[in-house]
Amino acid sequence: MTVSSSSPRGDMLMMLGMIVAIVFGPIILAPFGAGYPDLMQKFAIYGIFAIGFNILFGLTGYLSFGHAAFLGVGSYSAVWMFKLLSMNVIPALILAILISGLFALVIGFITLRRSGIYFAILTLAFAQMSYNLAYSVLTPITNGETGLQLLLDDPRILDAPLASGDLPLANLFGLQMNSTYETSFLGMTLYFNAGYYLCGVILLVAFYFAMRIFRSPLGMMLKAIKSNQNRLNYTGVNTRPYTLTAFVISGIYAGLAGGLLACTDPLAGAERMQWTASGEVVLMTILGGAGTLLGPIIGAGAIKYFENIFSAFNESELNAVFSFLPDGLREAVVSVASTFVGEGWQLTLGVLFMLIVIFLPGGLLEGVRRILSLFNRPPGGGMEERSARVKSAA
Amino acid sequence: MDAILLQILNGLDKSSAYAMIALGLTLIFGTLGVVNFAHGALFMLGAFCAVTVHRLLSLDIVTLSATEKTAWGTPMEIRTPYAEAWFGDFGTWLIDWSVPVSILVAIPFMLLFGVLMERGLIRHFYKRPHAEQILVTFGLAIVLQEIIKSWFGANPIPQPAPEALRGMIDFGAAIGLEAGNVVYPAWRFIYFLFAMGVIGIVFAFLRYTTFGMVVRAGMADRETVGLLGINIDRRFTITFGAAAAIAGLAGVMYTPILSPDYHLGMDFLVLSFVVVVVGGMGSLPGAVAAGFLLGILQSFASMNEVKSLLPGIDQIIIYLVAVVILLTRPRGLMGRKGVMET
Amino acid sequence: MGILNVSSINMHFGGLQALNNVNLDVRQGTVHAIIGPNGAGKSTLLNCFVGRLTPDTGVVDFDGISLIGLKPHEINQAGVSRVFQTPEIFGDLSLLENVMIPAFAKRDGSYRQNLWAPLRGESKIRERAMAALADVKMADKAGMIANTLSRGDKRRLELAMGLVQEPKLLLLDEPTAGMARADTNATIALLKEISATGLTMVIIEHDMHVVFSLAERITVLAQGTVIAEDEPAKIKGHPKVQEAYLGGTHS
C-alpha cells in the first residue's frame, strides 16, 4: 500500500466504517457471542496497542520485543492517579500517556542506536529489567506480585469520600465505566457499556491519528527507513530522530492502552510487562498485516476473540460438538482437540503464529488481497476479457 | 577470599548452561544465518528427555503380597519397577543413574529432532528477513512448550541426581582453606565439567576435522563456501542437529539442579540471547566467554552485600551489562564486523 | 581553486595502500572523470567523499567546508549527492515517493517532523519530483513500485533522486555499468543535457566511450596513485596511461 494509492475518499470511507463498527459494535458482535462488555473493551484496547506497535514495526521495520513494558507503565500510572487524585479516567489517562511517553523517549534514545536483531535484544533487555524490577525493588510503587490495587483508604483528594462499604469505581465525570444498558434484540442480549464506548472513542482517535501519520511526510520517511535506511542516510536524512519519533508515538499508544486496561479494571500487575505479552502484540500486528492501517486492529480482534472462544472450551463441550462421531473415534478426536482448547489455547496461538509467518507473512489483509486479485486478475493475461465479463454481468 | 570463591562456584552451573545454549545459537547464526528463538525450547526438550527416561525406567509391575496385609485387610501391593524385575541390581542402578543414562537417549533424539526441524522449517527461512525467522521460531517455541505442558503438566518435575553424586564437595579444604567454608554440591561441579567437555569437543571438532573447517569457513564467508561446490545444505542440516543436541544435553544434565517445567526453555532463551549478543554475534569463543562472564556476574550480584548496596541489581545485572556492552562495543565482546548488522 | 579540493589523501586497508597521496581538483561546472584499471582505488576515493570511509590523512574540501569526519547525511546536506553503482532505491515504494523523499530531505534539512500535514498537500515537492522524473523520462511510470523496474530504469530513477536535490556536486559511480548499448547512449545524452545546466559532476567509469563522450577533465588512478590528470585529448596519448591499462590487463 503506497501513499500514492491512497485517496481522501478511501480514507474517509475507512474512517466512516470504523465509526459505524464501533457505534454498533454491541449489535454486530452479539451474534458471534462476543458482544459482552469485557471482551469488547479488550478488542478496542488491544486494537490501540497494536496500531501503535504497527507505527514502529510496520512502518520502520524496527522489531521491538519490549513494548509490553510501556503497557505496564501506563497501567501503573493510571492506577496511581486513581489512588491519589481521583477516580475520573481523564487524569489517569493523561498521566499514563505522559509517563509512558517519557519512558519510551529514554529507552528509545538508547536502543535506537542499534538496528536489526540488536535492537530487538536491547528492547527485550529493557522490558525484562522493568519486569524484574517491578517484582522486586520497585515493590513500593508496583506492589510486587499482588499487583497494584485500589484501597478503601486511598487519599483520592479530589473525590468525595465514599459511602461506607462502597468500592471505588472508575468514571468519566460521574459516568461509571461499568454502567451498562442491557436490552434484548432478536433474542440476543445486547450490552451497551460505558467503558466500551470510552475505549471505542479513544480507538477511533488513535486510528485517525495513525492514518494521518501514514499519509504524512513523516510516514513516507518511516517507510523509507524500512525500505532502505542506508540510502536514506546518503539522501541527506538523519534517520535517528525519525525512528525515535515513531518509537515514542508507539510507546504512548501502548501506555494509553495500559491506562485503559486500568480504567476498565483498576488493577495493574507486572505480568503485563512480561516478554510473552510483548510477543503477543507482535503476533497481532503480523496476523492482521504489518504496515497496513486496518491490519493490526483486525489482528488484535481476531486474537482476543479466539482466545476467548478457545480458552472457554472444555472436554464436555468438545464431546457435545463431536457427538455425531462414533464413540471410539470421538474420544480420539476429543483428546486431540482438547490439547488445543482451554488451557491449551496457547498451543493454538503458537500454531497460528507459525502458520501465518510461514504461509502469509503479509498477514490476513494480504490474504484477502490475494483472494481478491484472483478474481480481478487471473494469471495468463486474461485480465481484460475477465473484467469485461464481470462488467457485462453487473 | 572464601566468599569470592564461593560466588564464582555458585555461578558456574548457570554459566555452563548459558555457555552451551549460546554456543549452539551462535553455531546456527554463524553458519545458517538464522536467528533461532526456539533454542531455549530445545534445552527444555532435553530436560524432558531425562524426565521421560526416568519415568520409563520406573514403570512398575504391581504384585500382591502373599503375607502382608493393609489396614483394610486386603493384600499389600508391592511395586517393582520392570527394570529391577528384569535386570536385578543393574536395573536398580539404571534407575538411580537415570539422568546420565538419559544422555544416550537424548543425543539421537535431539539430533533427529534438530535435523527434522532444519529440513522441515528452518531451511525455508534462510532467505527470509530476520524478523520472520525470529517470529516463526518464537511460534515453534510456544508450540513445543505447550505440548510439553499438556503431556507433563505445569508443575516442575524433580529429577534426582545419582545417589553417589548427591553429596557436597568441600572445595575450601581441597585447596588448603579452612574446611567447611566453601562447600559445593557435587552434581553442580559435575555439570561444569560436563559442559567443559562438551564445549571442548565442539571446539576440537571444528578445529581438527574437515567438516569443522568447512563450518568455520562458512561462518567467515557463507557465499564463497557455497560457490566452492561444497554441499553445504547437508552440512547445514548436521550443524543444526548438532546444535540441537548440545542444547538437549545441557538440558538433560541440568535437571537435578533445577526441576524442569514447561517454561524452562523460555527462561533460559532470553538470557542466552543476551549472552550471544554480548559475546558477539557469530563468535563461538565469545559466546562461551560471555556465558561464564554473565553467569558469574549474576552470582556476585545476588550476594547480600551487593544487594544492600544496589537494591535489585541481581534482577537486572545481565541486562544492564548487555545494554552497556552493546552501546559501547556494537559487535559485542568478540563479534566480527558485518555480522547481522542490517 | 575548484569546488572540490582533495589533497594528499592516504588510505590503507591492513597492509594494502589503497590510496597513495591522491590529489584532485574539480572545477565548478565541469564533468570530471576518474578512470583507472580494476583495483586502482576509484571507489575507495569516492567513498572518502561521501563519508562511508575516512581517509588516514588528507584534506577533502567542498565549497569551503571540510567533508572529513562528517556523517553521510551531513555531506549530502552540504550539497553532494551520490548515485550508486548498484541501484540503491526504496524498492517497495513508488517511483514518485522515491523521488519525493530526497526532495523532502533537501527542503527540511536533516530533520523536521511533518506528521499531521497530508502528503498530498505537498504540491511543490510533488511537482519537483515529477519534474525530476520527467528529466529522466520516467514521468509516465510515477505510480509504479520501484522494485518492478528493469536495472537500467532503476539507475535512471537513482539519477532522478540525485537531480531532484539540485546538488552542487553529483557523484556518479559507473552510471552505465551493466547497461545495454542503447541505454548507455541514452544515459550519455541525458548526462550531457544535465551538464549543460552547469552542474558539476564527478564520474567514475570503466567504459571509455562514456568517459570520452562526457568528460572535460580526466584523472587516471593506478594502484592508488594519480598517474595523470589532464584534458581528454591529452590523456588518450599519455604514455603512462597506456602503460597502466595495457600493463594492467594481465593482472
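We call the chains A, B and C, going by the order they appear; numbering starts again at 1 in every chain.
The definition used in the following text is that contacts are C-beta pairs under 8 Å (C-beta built on N, C-alpha and C of every residue); 3 or more make two chains touch, one makes a residue touch a chain.
Chain labels with UniProt names: A = Leucine/isoleucine/valine transporter permease subunit; C = Glutamine transport ATP-binding protein GlnQ.
These figures come from a predicted structure and were not determined experimentally.
The chain occupying the central position, as judged from C-alpha centroids, is A. Centroid distances built from C-alpha atoms place C farthest away from chain A.
If you average the CA atoms of chain A and of chain B, the two centres end up 35 Å from each other.
Centre-to-centre, using mean CA coordinates, chain A is 45 Å away from chain C.
Between chain B and chain C the centroid-to-centroid distance comes to 52 Å (mean Cα coordinates, whole Å). Chain A has residues 230 in contact with two or more other chains. Residues 61, 63, 110, 113-118, 120-122, 124-126, 128-129, 132-133, 135-138, 230, 275-276, 279, 282-283, 286, 339, 343-344, 346-347, 349-354, 357-358, 361 of chain A are the ones that touch chain B when the two sit in their complex. Across the interface of their complex, chain C is touched by residues 2-5, 8, 212-213, 215-221, 223-224, 226-228, 230-239, 241-242, 245 of chain A.
Taken together, the chain C residues at the contact with chain A in this complex read 50, 71-74, 76-77, 81-82, 84, 88-94, 96-97, 100-102, 104-106, 110-111, 113-120, 122, 142-143, 145, 161, 165.
Residues 35, 121, 124, 128, 130-132, 134-136, 138-143, 146-147, 149-150, 266, 270, 273-274, 277, 281, 311-312, 315-316, 319-320, 322-323, 326-327, 330, 340-342 of chain B are the ones that touch chain A when the two sit in their complex.
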